[in-house]
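Here is the structure we will look at.
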Amino acid sequence: MTRKQLFLLLAAIFLTLLPAAAHLSGNPYLLSLASRILIYGLAAASLDLLLGYGAMISLGHAAYVGIGAYAVGILHLHLGAGDLPPALALLADSTASGLAILPLAVLAASLAALVIGALCLRTTGMHFIMITLAFAQMLYYFFISLEAYGGDDGLSLMSRSGLPLVNLDNDTHFYYFCLFCLVLFLYLASRLVHSRFGLILRGAGDNERRARGLGVNTGRYRLALFTIAGGSAGLAGALLANHSEFVSPGLLNWTLSGELMVMVLLGGIGTLFGPVVGAAVYLLLEEGLNMYTEHWMAYMGPLLVLAVLFARNGLFPLLISERRRHG
Amino acid sequence: MLLFCEQLLNGLQLGVTLFLMSAGLTLVFGIMQVINLAHGSFYMIGAYVGATVALHSGSFLLAILSALGASWLAGCLAEALILRHLYRRRHLDQVLATFGVILFCNEMTRIIWGRQPLFMDIPAALAGSVELLPGLPYPIYRLVVLAVGLAVALLLWLIFTRTRIGMQVRAGAVNREMVAALGVNISLLYTLVFGCGAMLAGLAGVMAGPILAVEPGMGESILILTFVVIVIGGIGSVRGAFIGAVLVGLVDTLGRAFLPLLLRLLLSPATADSVAASLASMAIYIFMALVLVIKPKGLFPAHH
Amino acid sequence: MAEALLEVIGLNKSFGALLATNDLSLTVRQGEVHALIGPNGAGKTTLVNQLSGDLAADSGRIIFRGQDVTRLPAHRRARLGIARSFQITHIFENLTVAENLGLALLAGHGGNFHFFRHWRRAPRLEEQLTEALTRFDLLQHRDQPAASLSHGEKRQLEVGMALVVDPQLLILDEPMAGLGSGGTVELTRIIRRLKGQLTILLVEHDMDVVFSLADRITVLVYGHDIATGTPAEIRGNALVRQAYLGEEG
Amino acid sequence: MKKLLTGLCALALLFPATSFAADPVKIGMITTLSTKAGYLGEEIRDGFSLAMAKEGGKLGGVAVELLVEDDEAKPEKGKQIAQRFAQKDGVKIMTGIVFSNVAMAVVPKLVRDEVLYLSANAGPSELAGKGCHPNYFSVSYQNDNLDEVVGQYVTEAGHGNVYLLAPNYPAGKDHLAGFKRYYKGNIAGEVYTKLDQADYAAEIATIRDAKPDAVFFFLPGGMGINFVKQYAQAGLGGSIPLYGPAFSFDERLLAAVGEAALGVKNGSQWTHDLDNPANREFVENFRKTYKRTPTLYAAQGYDTALLLASALRQTGGKAEPAALRPALKKADFASVRGNFAFGANQHPIQDIYIREVVRSDGGFTNKTVKKVFTKHVDAYAAECKM
């Protein structure tokens, strides 16, 4: 058994038993925090597909999280008001609304990523970074002025999406559902990076010119990956909307894009599992520092700079390194 | 027509402020190939230091000088302590490190200067307005900002076309290896360019001080506008930055001023107002997307 | 006389005031090893970049197998059968040796949008991969990251990646650069073995290698072709001696 | 392996189990301490703390513990904090939210879950009307109140053609609606600007062109500073008077606006110069403790603490919502505002004033000009079915 497998096994056991531990210790907040970590982990891992495997530095990933969340918010609003178009009649069954809402959220985010990606991928390097940021900011202002859906105030959900077999309004069920989504994503994503598609993308990320010289139309693969990552971020957004039962333009703000990037870096870029660890560390650090100081950003900033300068590979490779320490 | 002239001036004035921000940043991007998110923080530092000095000394000139000094110093420090170690690293590392710098600077201003915005007054000599055309009074201070921006643009143009160091910098933006081959002290050149870029941002900050609220986080909103300018103008091109800045300033101002009127011709007033407000806030991004479709590397790409 | 595989007619490319390619014409015949030589700055790499599609020509035409490819992007030319190995070692450093070769084998296909199955399970890939690994003497390194190979092994991998797709035309851009004498001998042997199997355009500084391998040689000076001919003809050409060989003594 | 286990243990330690025993009554304050609006939360917190300090850390003779967290003006963040307060710390009484959008995200669920919420600032219309709830008390105002008073005053002052300006978000539209409810004249124009817009030159030029009698604007925080400064610089300060709710004219903002705001009339339910004993004591103590003049937010925080103190005294320290509710409803405390009672929707019935920005020694401050509304009831009270 490699250390990576051991780590994943332990993590799986820990995450499976967590709700029981939370109930025994009479601390339901732990569960809510853990769900949030899982959701941010999913969003960060989807960004890692872009950063770590596609060599696309998107500084606008929050936009797709936000679109996924808004899709849920908007559909729930119409569900509550009972004025859904007939095509979406399935939603009216509140016990199964999630079966349509969650895929629609993913679809919406994917479509947005497809269109924005097609524009952004005309550029590379620094242009790409700035343009993804600018488009995310444009969507941010779009949702702020989207008065019908709350504008800057955001939208409150009356309840969480309904699904057969699980009741998302129950925090434990919701936690396991998030865990399921994350595990499913990580499984599919790790298959993806070793598939033909993934091989070509990793090659193009490593050495774009060589890949083109071999006959690869890198643009198409990049766009496909950008769309997949956007859709996955949309799923994270849909879960986030259900988690806080609230959506607002704040989700699309560029600081969230930056934070997701920090999570990827902290956990280890190009490792898929690392960003989940990064999300846990970042959110717990935020919780922890917040308890001691209002000015936690003043510590987080330098910490981040130091992490970039000295811990280049992130935590996950450190955790699973085969090297044994003596003592 | 008078209104249109006034809005045109407003657009130009916003444009030159953006130019002060983007001129330095586009060179940093072009020459050092470093993405620097913390440029907005230099703008903020300029505004804060300027406002503080103006408050205590009462001299606007002193405020400007100290703001220039402080932002220059901050720029050189950031370059020497952090960015210098990142030149050969991934863009991603640069993004993250400078993101950390933003978090730190915003929180530090909050710790040092407190949570409330700072006050900075227009110097008495520049207060009031002049009548440019009959029926068109315009604040003197804004004219001064416009003039300073244009003067800086002219100065940069002279430096880049007439001086040896300017040629080197420009050559560096086009081809880095070439500059190294010419035997220029790259490390010194980098620090110089970075410091001057920060200084220009600080100048923009202190000039904006009397017009805008001096508050934590003021750098980010202008930073994103600056990015839009650079994307439109083309990385590494000062000329591109100037034209991009003016275009963005005009599109933003004219969009805000005239979109509601235009849309009222088509829609009911209430709908027109809200649609116009949304469109106006997205106008520059839509403009950027259009430029991008036609010229992916911006209007004046420096690299071939 | 064998038919022309690649024809370059009146090609021009300038960077600002500098004419890097100046009314250049060139014919590479099917099956030959055609060498391209010229003093530093003669525009060899610029020409190669235009042939592979990494740079767009200002004017002129490039005809490959009778088809005008002047405006085609790099990946389309690659699929038509132009393979290129780069001046600076150009492999996928972060991928394993097997992944490098696998990518080269798969890249020519359009249909790589398979997201789930492991890339090695692609139809018929395993045999091709093993064959390629054996052919280029890399079998024992198959799961090693390419970055960890020695310089010579990297060069072997690079040439291997160019060859596994059975290209019509292989452009070798200074393949001997940075190799020790042992490596040069080894690579010369590999290229000689390839002779007759496919057409090779060889850009090389090492005159011994050029004159021992090439069927025909074209000499570039300031972006223009001043002479084309067999090694013997080139040796005897007064213009070439003056412009190029003479300079080097 | 060891490292892993240590890590997991450290994680568990971060979350100590809920503490029991007769601990002090916990009050959760969710407020905005960072971002551009950070000083608003600081005022509320300082006002509240001042009332606690007066009793030596108690309220109504009952030991209390104030937990303060920064919501960064983000609704999501506010929700997280509320959840943590309720689930981890077992808090049953909360207060402090500055922004209406944060309140709308946090409060409805909170009060449904039997937590008392006492608003020290935000007073969105939904919570005053259809969404009113027995567990929700607004100690500050209903959002529209401070606009309504200006609408009334502008009408009385004889302005017949007023230009309106607000940011393009729901609260902006609500505030303009509040103004229009009491304003009887013609509307010269209505403009919605980008949220967090910095430069208002374009809007100001349009205003000059429209030649209204007066301008009413709602631009909270930094936006207001920018607008007022640029308005004065454009030379309009003298010719077209500005009006607005108090949100752009608290004493801390005035320090940043400077002379540009001089003479602007604005509406508020409280000013530091109100002449009643409770207020004199509050202002004096506040200045002594924090070395600055309190703003209306501080007064609201202070009043919230006083109200809670009065209720805790009545219940003898029982902090369950069911016990506190009737005691709170009586509003049996000496408000710094003078008249104070709760209406049917548990929002204040109070006097509302127009005040003017004047010079004070070394700076600028507000002076009460006129009491416009006496025992004013908000417009949504009728919609509340409780």
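Order of writing sets the chain letters: A, B, C and D. Residues in each chain are counted from 1.
Simple rule for what comes next: a contact is a pair of C-beta atoms (placed from the backbone, for glycine too) under 8 Å apart; a residue touches a chain by one contact, two chains touch by 3 or more.
Just so we're clear, the structure is a prediction, and the values are computed from it rather than from any experiment.
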- Would you pick out the chains that touch chain B and also touch chain D? A
- Message: Taking each chain's centre as the mean of its CA atoms, which one is most distant from chain D?
- Response: C
- Between chain B and chain C, what is the gap in Å from one C-alpha centre to the other? 47
- Query: Distance-wise, how many Å sit between the C-alpha centres of chain A and chain C, to the nearest whole number?
  - Reply: 43
- Query: Using mean CA coordinates as chain centres, what's the chain A-chain D distance in Å?
  - Reply: 35
- Query: In angstrom, rounded to a whole number, how far apart do the mean CA points of chain C and chain D lie?
  - Reply: 73
- Could you say which residues in chain B touch two or more other chains, in rising order? 107, 110, 274, 277-278, 281
- Query: Which chain A residues sit where two or more other chains touch them?
  - Reply: 141, 144-145, 147, 297
- Multi-partner residues of chain D (each touching 2 or more other chains): 33-34, 168, 194
- Mind listing each pair of touching chains for me? A-B, A-C, A-D, B-D
- Provide the residue numbers of chain A that touch chain B in the complex, in ascending order. 51, 57, 59, 119, 122-123, 125-127, 129-131, 133-135, 137-138, 141-142, 144-147, 254, 258, 261-262, 265, 269, 295, 297-298, 300-305, 307-309, 312
- Item | Parts of chain B lying in touch with chain D, wherever the complex brings them together | 2-3, 6-7, 10-11, 13-14, 107, 110, 114-119, 121-122, 127-129, 137-139, 141-142, 208, 210-218, 221-222, 253-254, 256-257, 260, 273-274, 277-278, 280-281
- Task: Give every residue of chain D touching chain A within the complex, in rising order.
- Result: 1, 3-4, 8, 11-12, 14-15, 17-18, 33-34, 69-70, 74-76, 79-80, 83-84, 87-88, 100-101, 104-105, 108-109, 167-171, 173, 194-195
- In their shared complex, at which residues does chain A touch chain D? 6-7, 10, 14, 21, 25-30, 32-33, 36, 141, 144-145, 147, 150-154, 156, 244-246, 248, 250-251, 284, 287-288, 290, 294, 297, 319
- Message: Quick check on the complex: what are the chain A residues that touch chain C?
- Response: 188, 191-192, 194-200, 202-203, 206-207, 209-218, 221, 224
